[in-house]
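The same chain A turns up in both complexes below, where it pairs with chain B and then with chain C.
Let's turn to the complex of A and B:
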């Protein structure tokens, strides 16, 4: 019994909650970005590659300029470029977004591994200048919530602001209306004299930037200046699942990401007791459960909504 | 001066698309404060001309003048600013947005410069409603309101943008007769009280007669005539549209009514939501007669036909084709029993848009020995011979039998479906919406083919939203209301006005209801 109690106390601890926020943040940032492209009617499967590039260029910038902020800057710049590249192919040249997304993911793995080898000589690097955790002494006076929120990377707090801004943008400004119209009924926007393509471009670039931020947080904040091959580790796909689960609502997408963070944290905590291979599958099992829920919910709604039209 | 009352002037407009001259030297003036009807067959160039006016397309030659000012740049944004509004045939509304959000789109009222001001949006919509007497539910999502109301939202959207000239593209295609009457009342009001100009694109001639002051007829890209509506009649307009006399005369009926070919007894069918759509319905159809179903859309006629043809499961009851019980069999088995089906939606179920005309014509016949060698190798030459013969006989006009079916106009797609289904020579024909969205010339052709089949002894079940069509073709008519037969009549026994009472359920014949 004492073994079991030990497991319980490790799993249900403040540390788990702190870990939850750390793990959720990159997924949440990408999911907020994915909400933009989703609203613009683009199925963006390429977020994983966008995150990976952000992670790499974050570390590279940090390595070259010896400051983590330069890394963030380089990651953001590359995020804009990747978003534009994606929009160029998908919006301008009307390529299949699914194929381009897949290609982007594969391309990102190859490019980052190659560049990593040419700059660092190996497929990974660590110990580069990282983003410091913020220690706010007054927070520790609050039980549970205080330690949970304290000593986090700046990005954790920044994500809340981004989530709020994204939510306001999508649902409370005319531009958000245009963004949603560009995905739902582009012709309507066109006949109103606004270019739906421009909205799709903006959404792609925003998504590129937010995924880059997610990647930079992953390498510079979450893992203290470390880059490892394919370190995005399917977080882009999980972010995509969050987008679908949240019906592209940035606030709900954040909550969904938080849920993933929670299960990932539990998985990490359990690694002392159970095989890591087993605990690592937890977030993906949760993804499948969530997607099943989405489908069931959709069908129920269809049944309910049907008698209204005439 | 003549030009002062011309609010729109087209001068020698030509529009060349690859391979098609859509507008050929069109010159036309629209006067302020009139209702101008623009009519013509599918592909005659009416929509192209209106798209040019609305700034969606740039003409290859000629100029457009709006209120005396020449249009220099063809861009909807600029044209909207000059007071032109357009209600497209397929509504330009975002389903999940509310009525008010749709109306103010692109000119949203704002709070603190960047935020959408929903209260102000709804207030300005309410002000518009009062000004024009057009009531809409401002805060309800557009996907939850009826098609008639959606059209009203489109009109309000144009008015919100300051339209003085309103283009309505096929506005009645999706409306019920009552909604059409309401729309016409609105048009009259805005023209008389607000001095607006309305251009209405249509191919329904009785509506032209009912609503317009003047009418312009287009044929093959040319404007072939402009008349005061009071100087013409529907027959003359039809001839001008088609370019030859159209004889909507009584179709000749010959032959004798034979044995029962299709029998439906106590049929119960549920719709896709699982709600009862056809309730305990029985009918009998004999060889050599046309039984027409008169019903407002959504009263079980689609489900009835889907159940007969095996596309939807039967809950209870029986369907017999030539005395053989086919209840619950799949469409292939039912067809083999002697039934052919012209489905109501040619694009989704009638044809395969991505296949060639020849392939579409072959569908359902591909296993016949004459198109096969050794049972698996297609005899291309035989298929081609057959397709070309049918193509010719049914007067299909497109890019030939090797062209894609989806590239043809609606009327020709419909002829293709009719040609294929009538080519099976089956004793029972189920014909649904045979001429929906099809022009006058094609309607005349399709009607005479249906009558020819009847005279040859086919049993035909006809379902159509067009009451004129039901009256013109049917030997007997039944009315459906909420999945039940409310009346059964011989042709000539009842007027259109009276049958409307049975279609809306306000009247029903004693014995036939149950």
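Let's turn to the complex of A and C:
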């Protein structure tokens, strides 16, 4: 019993929650970006590559200009370019988004590793100017939540704002309405005089930017100015799982990212008891079950609706 | 006649894409202060300068080819197997563990059992997305991507925990196989083993079934026009599920070949996203089996050749850049040409309109 209590208290400790928030943030940023493309009807599995490029160019900018802000700027610029490139191929030239996504991931591994070795040598780089952690003294007065939220990297707080803006954008503005229509009913949108292609371009660029931010946060905030080869470490795929889990709702995608972060955190904390490799599996299995549930429910609704309309 | 025409068109577009990709590579090399000619020269000699390099090229071509064919097989019936990486790893670890557990038993028993274990583990794992797709219409691309991570984590757990090697220097690996189970090497110092003969037989069978038999034709119909196939009385659901299982089994066997031919134990270097590279080869080959096999050879030359680049101080990842840029060009070409012809047609229509006035 005491063993069990010990496990429980580790699982629900402030440290775990802090870790959860920290691991969730890069994934959440990318997932919010992925929600945009998902709404526009593009299945974007190239997010991993987009994150990796953001991480690399973030560090490169910070390394060259000696300030982390320049890194974020460079990462953002590259994010726009990558998003435009993605849109050019997928939207303009109607290539298979899946092929392009796959190729983009590999391309990013190739390009960033190549450039990293050209600039920094085989081991990557460490200790470049990083984004500061924010210490907010008033937060510490709140029990549990206070220490959990405090002393996090700048982007952790920024992500909440971005999530809120993204949610408002998608569900409360005409642009968001058009965005959703461009994926669901492109012909109707065209009849209404708005180009679905343009909305897809916008979605791709937004996704590129948000993934680049996720990458910049990963290298400049989360890991204090470090770049290592392939450091996105499948986070793009996790973000993709979050998008699917959340049915492309940015707020739910953030929660899904928290779930993945939670399981990663307890995997790290419970190393003496359970293998982190096993706890890592749980959120993926939950995502698959969730997908099956969503699909089955949709089919049942259709069945129910069919006789009523007949 | 028509078939020939398409082939010529395809070859031209492939040639142009490869050429352009090497140009892009040359620009990147120039920008980072390397001579492209020197680098490409090193790449060529890296692949062909020694017999062990040629052996490695053939071994890697085998891995790419079978993975690519596994992808072809699924896409022929309209299911996209992105989960080959996980299936490969599971097949590899299952085969490795059979070999480790039955240490001492005759190789004539162990090797078939290991192959069976690899096939069973990988095929069963591939059945999950297959059945979900057919019975519930759950998108197989997403489920296979998720299951890749599940399989990789599971294998990592097994290699670190229950099936861990007694050798303390290996952090995450299974027990090394007894030497008498190893596939015989064919070229000294290379990874090439007799597994390549088994792979050749598999490749031939897949090509033959897909291109030369009624089943192959029915598969094509199932993928291209499922409604028609269903109405003409084919059991398309069963076909899709069987193809997915075979596709998984092929990936599992590649895992076994890697373990028994090259690594001699399971560890994560059994596959370094090799399936994804095979999948890209299949994409470039437009899912045609023969083209997949030929292109695997080409990309294996690039990959192994790229290791020679390090001798002239160029990071070998330029290979990944060239490979993916080829895909970008090939994928964009269709839409690009379409946009061009549309513009030309529009001009002609406008001209005709003016003439009529």
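Here is the rule we go by: the second predicted complex is superposed on the first by the 259 of 310 C-alpha atoms of A that agree within 3 Å, B and C clash if a C-alpha of one lies under 4 Å from a C-alpha of the other, contacts with A are read in each partner's own complex, and residues count from 1 in each chain.
In the analysis below, a contact is a pair of C-beta atoms (placed from the backbone, for glycine too) under 8 Å apart; a residue touches a chain by one contact, two chains touch by 3 or more.
The structure displayed is predicted, hence computed values, not measured ones.
J.: Quick check on the superposed pair: does A:191 touch chain B, chain C, both, or neither? Answer first, second, both or neither.
T.: After superposing on A, A:191 lies in contact with chain B but is clear of chain C.
J.: Report for A:8: first if it touches chain B alone, second if chain C alone, otherwise both or neither.
T.: So A:8 meets neither chain B nor chain C here.
J.: Touch check for A:287: first (chain B), second (chain C), both, or neither?
T.: It touches chain C, and chain B stays clear.
J.: Which partner chains sit in contact with A:177 here, chain B, chain C, both or neither? Use first/second/both/neither.
T.: First partner only.
J.: Of the two partners chain B and chain C, which one touches more residues belonging to chain A?
T.: So, of the two partners, C touches more residues of chain A.
J.: Which holds for A:165: it touches chain B only (first), chain C only (second), both, or neither?
T.: Neither chain B nor chain C is touched by A:165.
J.: Check chain A for residues that touch chain B in one structure and chain C in the other, and list them.
T.: In chain A, no position sits in both the chain B and chain C interfaces.
J.: Contact residues on chain A for chain B in the complex?
T.: Answer in residue numbers: 168, 172-174, 176-178, 180-181, 184-185, 187-194, 303, 306-310.
J.: Within the complex, which stretch of chain C touches chain A?
T.: It comes out as residues 28, 32-33, 80, 82, 132, 136-139, 141-143, 145-150, 153-154, 156-157, 160-161, 273, 276-277, 279-280, 283, 315, 317-321, 323-325, 327-328, 331-336, 338-339.
J.: Residue numbers of chain B touching chain A in their complex, please.
T.: 54, 56, 75-77, 80, 86, 88, 90, 92-97, 101-102, 105-106, 108, 110, 114-116, 143-144, 146, 272-275, 298
J.: In their shared complex, at which residues does chain A touch chain C?
T.: So the residues of chain A touching chain C come out as 43, 45, 88-89, 92-96, 98-100, 102-107, 109-111, 113-115, 117-118, 234, 237, 240-241, 244, 275, 277-278, 280-281, 284-285, 287-288, 291-292, 295-296, 299.
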